């Protein structure tokens, strides 16, 4: 499957997950020093491969769809930031309700620990403290680039940045890694809200036995 | 795809979203001065293109399906109100649980601000206060027309009117715009309930920095 | 589509709605004085038309599938009760979480009023008080027949009976009516729980204006 | 359908149920003294039959996919434990949010009674007390084997073991039984959380009539 077809296929899957409704959200896939980016403001579950834009990694427009009404995704600058700073092979932007709500449960950092799905994030293990920085939203998506870059630099281990009252940017070394990260983060965002709703504190029934702490 | 096929296709999608179960809800699409309207009381996810009615914009029945048991949607008068007053190209009526519940969280107006998905509503930006008027339900759907018209006139910027304990009417300049609006409103209705459930106030972690307020 | 194929098709739809997981729940369709009934204890989303049983309306087995391991649904006696007492053309048994939870929110009768979806139940209008009797569950499904019959006789207007901690039986004059009723009841069961969770009382923002009450 | 195709088909279904997102979870199917096991760390909804590993029941690798990058599921040792101790014909490992949350609502045992879906678990009836042991999670999935084995031995009637902050292992005598069990347990885990959220105690409106208690 070509990367253009793959973007359309993934976008349909993300629509069913509630990540890209209302023409929001998106995905880009890098192939060497080319980046394939979907158009802005279109129905993400109805895109076709001929609607994609191609940029160079340094942000030059190389190819565009024939339809003159199409503009590249407003996330382009943000996608490029993650590609440039982290050598990402794919970046997913989701408006998932779970991500949006998670950004309202924490002040500056989303933090969770001891949930198995944390292990789905590259480099993380079960007992690690997973931290996702939260940046403030701006009126225009392109104005997020500076604070996204600052957050990525300040949190060298993160594979995601939450945008308050908005959603999340997630990346990985290739599209499989980015999608896996996006699914794991989404699960963790939802888990945090479910635990809050049920009055289960983060430390309830910790899997690490008490004497293990004592031994430290 | 013909507009008749498109209505069937969208209705299946809306069924999966929970907007048109129990034969409720519906959609109409305008083509110039003709309006295509689905039948009343049928299973919306199983409609076929030959079941559609055609009306003129001023409400005259121009064409009808062969099946004599079919009657035009009870929403017809309401759909025509939005088309006439707002030059809508398509109108969606949803019984989404999120819309119904949202109508019970506010007295006269649904209000939300600083959620990214607000930007999906034409003419609105992130910091705007999105207001959706709520009208009271009536025993018969056709009796809603007068109060729907009053609400549309009283709220010139709105693209939707909530009907208490019932659902929502949403429109746009064409079917893509109407569907985008419907998805964004639905997200916002759900967000309001989720925030209420988690005890997150509308102003929690506002994205507008504190010093921005001070500068006013 | 034959009724046997239709049962398989509907069962897949009900599986996706969460009504018939774990081999639970089911549907029967009557054709004149024959009733088509699905097998017991099979995966409802994977049934094939050749697995159906045919009974006469008075409960005689007329035809059975070749596979000797198949037994008719344990709901058979209950399906026949609704067919016999109400001349139902189809009966749906759902284990929907919403139905099960609704049976725990009320002592003897599920009651709701002034929700638009009430109008989807034959004979009901928006301001009517919709009542669904709740019967107690039994260890064996067949032992429910007597109390189901008593509830149907005691509530001549109902199209459904809730079974506590179990689910719901819903019927209609044909399969379309039964399915429409099942979708509307399910919406109403879910609405009651959502309203309870949000602390919205049944009378909040009643659509019937106060002076309407005064005029009575 | 071959067992390899069946595993792919079931994995797609489990993905839609939210049980195997983020490459987590899995399923194995036994055929006589061979066990078919899916690869580790792959997108479970996109697997193909040629990616499967074959083990003997005593844990010897008999056949592997051509792709050298594939490793057998990290659940292999755990799958084998249920097969060896219980003669299971299939084992499902799910990261379902409902299972994960259920592991946080109880200290050592998930307990529920008088919910119809309990009858979907082999050997259980409606009034039985369904108990699922909860074991503590470990940093590495393979380190769960000892405590999983201990739990299986200590709870001879259980068909499932919850892993705290992680998910659940469920089995059955064949794949249909394992899938049925997995769906029933998942329903019961979700029901427990829904009841907790609504303040409905486990004994609310017990289906066992009061005089039945008096007669004891």
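We call the chains A, B, C and D, going by the order they appear; numbering starts again at 1 in every chain.
In the analysis below, a residue touches a chain if its C-beta (ideal position, glycine included) is under 8 Å from a C-beta of that chain, and two chains touch if they have at least 3 such contacts.
All of these numbers come straight from a predicted model, not from anything done at the bench.
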Same or different residue numbers at the subunit B/subunit C copy interface, by half rule: different
For subunit B paired with subunit C, centre-to-centre distance based on mean C-alpha positions, whole Å: 29
Distance from subunit C to subunit A - Cα centre to Cα centre, in angstrom: 42
Residues of subunit A engaged with two or more neighbouring chains: 197
Graph class of chain-chain contacts, one of line, ring, star, complete, other: ring
Sites on subunit B touched by subunit A in the complex: 114-117, 120, 125-127, 176, 179-181, 183-184, 186-187, 190-191, 194-195, 197-198, 200, 204-205, 207, 209
Residues on subunit A engaged by subunit B in the complex (per definition of touch): 21-24, 43, 95, 97, 100-101, 103-105, 107, 136-139, 163-167, 193, 196-197
